[in-house]
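Two complexes follow with chain A in common, the first pairing it with chain B and the second with chain C.
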Partner chain A sequence: MNLPELFFYLFAGVTVGFAVVVAFSTNLLHSAFTLFFLLFFMAGFYALLGGDFLAMVQLMVYAGGINVLLIFGTMLTADVAQPERSNLSFQGVLTFFSGVAFTAVLLAVFEHTTWPLLEQPAEVGPTTIDIGKLLLKEYVLPFEVISFLLVAAMVGAIMVVKGGKEQ
Partner chain B sequence: METLFLDLGLPHTLSSFLAMTVWAVLLIHFLAIYAGVTSWVERRVAAKMQSRVGPNRVGPQGILQWLADGVKLILKESIDPEGADRFMFYLAPFLMVCGVFATFVVLPWGSFIIPADLNVGILYLISITALVVIGILMAGWASNSKWALLGGMRSAAQIVTYEIPVAMGLLPAIMAAGSLQMGHLMAAQGWAPWEWFAFQNPFAALSFFLFFIGSIAESNRIPFDLPEAESELVAGYFTEYSGFKFAAFSLAEFGNTWVVGAVTAAVFLGGGNLPAFLGESAILSLVVFTAKTLFAVFLLMWIRWTLPRFRIDQMMDFSWKYMLPLAFVAFFGQAIYMMLTYESAMAQQIISHGMFLVFLLVLFKFTGRVMLNVREQLSPVNSPASDLVAPAQPTVETEAQAVTE
Partner chain C sequence: MTLQAYLIVSAVLFSLGAVMFVSKRNTIAILMGVELVLNAAALNFVAFAYFTPSQASQLDGQIFAIFIILLAAAEAVVALGIALAAYKAYRHIQADQLVALKG
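What follows is the complex of A and B.
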């Protein structure tokens, strides 16, 4: 067993373990903190696949940004440690049906897609230069459109906050 | 180091694993000893700046004070506050140490020694701070104390806020080097000050200041130490901690000074580059790099003990209303500068040398001012021999004037 393989199984085991904790913890804040470690270890998968830049973006955006916001939000929630308001309070019947339906769709997709397999692992090298070139040459229009959308969302958020204050 | 183990005839997997382990052991011991010694140095420097003596009893000049402190903290009772979330309460300090220690993976030790020269090194350095944020939030919440919770929230908000100017402040250097790799960033600079990114052009200098200020805020030091403001929050997120867990927080805090210093030295102050006539000596490069790092650490201490603390709203305003727009100015300015001087090495030379001359001018002016202050302080205030008694004469004159009137 070589080193990447060893680390893959390590990451996979740890991530699944954290996912179980996130899903079944009776304390919302424990779930939120565990989600951080889950997202953190997800970056390990990207690094193993050769996506060095993607791994760092995962760390920065999901673990460092979104999850910290999520924890802030959870801290502002009352009674985080109440079991009846946490993961255990789900609608049994509805959850069963939606879960079964979702899994069925996923399975169907897995079955009917032909997954292209590489004969051998692709040459893994630094990806940052290629990503930069693609973003600023081939995909410059989508890139600009998305950044414009984000600016619009930011302006919108500021407007919502300001409007709330005036009322 | 990996080749060393390979030469011994060990298999590839084992040798790379052993190399990682050796690096980790070396670095964590360096971090622990550095943080300890710095805690003593910082107190001595602070004492000097405030005309006090500072710790000077344990060992010559008190140099062993940090060992005594460490032993004291380990022997102290470890108190769990009532209603604390025990597991998270115990985990938080070590997460913070992990967050600081993890940055050492990409920190260089001179031009030739880097534990792991990642292709995305500087990005890794910025994003691994997330561990520190989580550690602080966890400590704040798990303590079951209002001070700790508020301190933790503030601190996390502060780090998230100042992460943006810090990252934006690093961008001009990344643009000039054309790489995110620590080794490339250092190699793109030269040994002489006018070849450093800090003096490359006015915009790079601006980004250097933004980066340094933002780094101070990220390491929660005065003037940005609101999370631990004694007058408002007791000790912030580590109010409830005692014993070894408290020592772990101090370890992270003082270890962070090295991280800030090393990144400053590597990205803006020319790293461990040596002039050509000195050859390629790894030891000499390490010495140069360490000297620059320690100078940046001294700057951190200097700022900490000379400035008062911000108010919370001023702190937020400062980041969002001043530092962020300035960071954008530096970013666009650097882009325009690179476009204009792309083909003319002459213009680049003139601008960087000019920047360095301006810096020297400021330095001389500053030194003159400091010398003046030192001279005035040297003359004892109450002795008749000093020329500071002079103010007595004008009063005589005014009395004489009053009499004549």
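What follows is the complex of A and C.
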């Protein structure tokens, strides 16, 4: 077994295990911190798939930004009296079995589909230069739209939290 | 590794995320489910870009994954803003009790 394969199984096991903890832990803070480490291991997948820049984006934006925000939100709104009951489910058994059934359907689809695979995936070098060129040439319109969307989301979030009319 | 292996991992993540956002009571837990689903989608994009790249560029899938991460950031900011505003108004964020808009 070669090294990338070993790392894949490591990342896959840890990611799936952590996702189960995130989904079924009854303490919301445990879920939030487990999600943090899950996002680290997702960056490992991206590195295995030749996305070095993407792995760094995942670490900095997702783990460092979004997840810290989630932990903040958890701490600001959690019921401090009963932290171990902060992440309850309703209809837990029913949704669990629907989820298992849905996963089984997806796995069957993957098993019975033939993908137009390359014989040998191309060796990928550093991708940052090419991603920069793509973002400023082919994808310049989505790039500008998403920057506008981020500004709008930021202003909207401030408006929602502060209420807007109290000055 | 094969494409199927990555697809299986992302299918499991997607299902767990979907289970979370249909069954959790806490609004922030629902948001975490959405994050899991978005991560599964981004992993699929990157895996397909590696194993079956598009004709135009090998990196199209990775560009999509970057856009997914940015959209997740925007979505998390707005959803947490709504959660904090709901907490200020009701002192809880249990999704099954936030029924003020119910007709």
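In this text, the second predicted complex is superposed on the first by the 125 of 167 C-alpha atoms of A that agree within 3 Å, B and C clash if a C-alpha of one lies under 4 Å from a C-alpha of the other, contacts with A are read in each partner's own complex, and residues count from 1 in each chain.
One rule holds in what follows: a residue touches a chain if its C-beta (ideal position, glycine included) is under 8 Å from a C-beta of that chain, and two chains touch if they have at least 3 such contacts.
Note that this is a predicted model, so its numbers are computed, not measured.
Enquirer: So, does A:Phe110 touch the first partner chain B, the second partner chain C, both, or neither?
Expert: Only chain C is touched by A:Phe110; chain B is not.
Enquirer: A:Phe45 contacts which: chain B (first), chain C (second), both, neither?
Expert: second
Enquirer: In the superposed arrangement, does A:Ala19 touch chain B (first), chain C (second), both or neither?
Expert: After superposing on A, A:Ala19 lies in contact with chain C but is clear of chain B.
Enquirer: Decide which partner touches more residues of chain A, taking chain B and chain C as the two options.
Expert: Of the two chains, more chain A residues are contacted by C.
Enquirer: In the superposed view, which residues of chain A touch chain B and also chain C?
Expert: Common interface on chain A, chain B vs chain C: 53, 57, 65, 67, 72, 127.
Enquirer: Using the touch definition up top, name the residues of chain A that touch chain C in the complex.
Expert: 4-5, 8, 12, 15-16, 19-20, 22-23, 28, 31-32, 35, 38-39, 42, 45-46, 48-51, 53-54, 57-58, 61-62, 65-67, 69-70, 72-74, 76-77, 79, 86-92, 95-96, 98-100, 102-103, 106-107, 110-111, 115-118, 121-122, 124, 127, 130-131, 134-135, 138-139, 142, 146, 149-150, 153-154, 156-158, 160-161, 163
Enquirer: How about chain C: which of its residues touch chain A in the complex?
Expert: Residues of chain C touching chain A: 1, 3-9, 11-20, 22-29, 31-33, 35-36, 39, 42-43, 46-47, 49-53, 56-60, 62-63, 65-67, 69-78, 80-85, 87-88, 92-93, 96.
Enquirer: Report the residues of chain B in contact with chain A in the complex, numbered from low to high.
Expert: 12-13, 16-17, 88, 118-120, 123-124, 126-131, 133-134, 137-138, 141, 149, 153, 156-157, 160, 163, 179-180
Enquirer: Which of the residues in chain A end up touching chain B in this complex?
Expert: 1-3, 6, 29-30, 33, 36, 40, 52-53, 55-57, 59-60, 63-65, 67-68, 71-72, 75, 126-128
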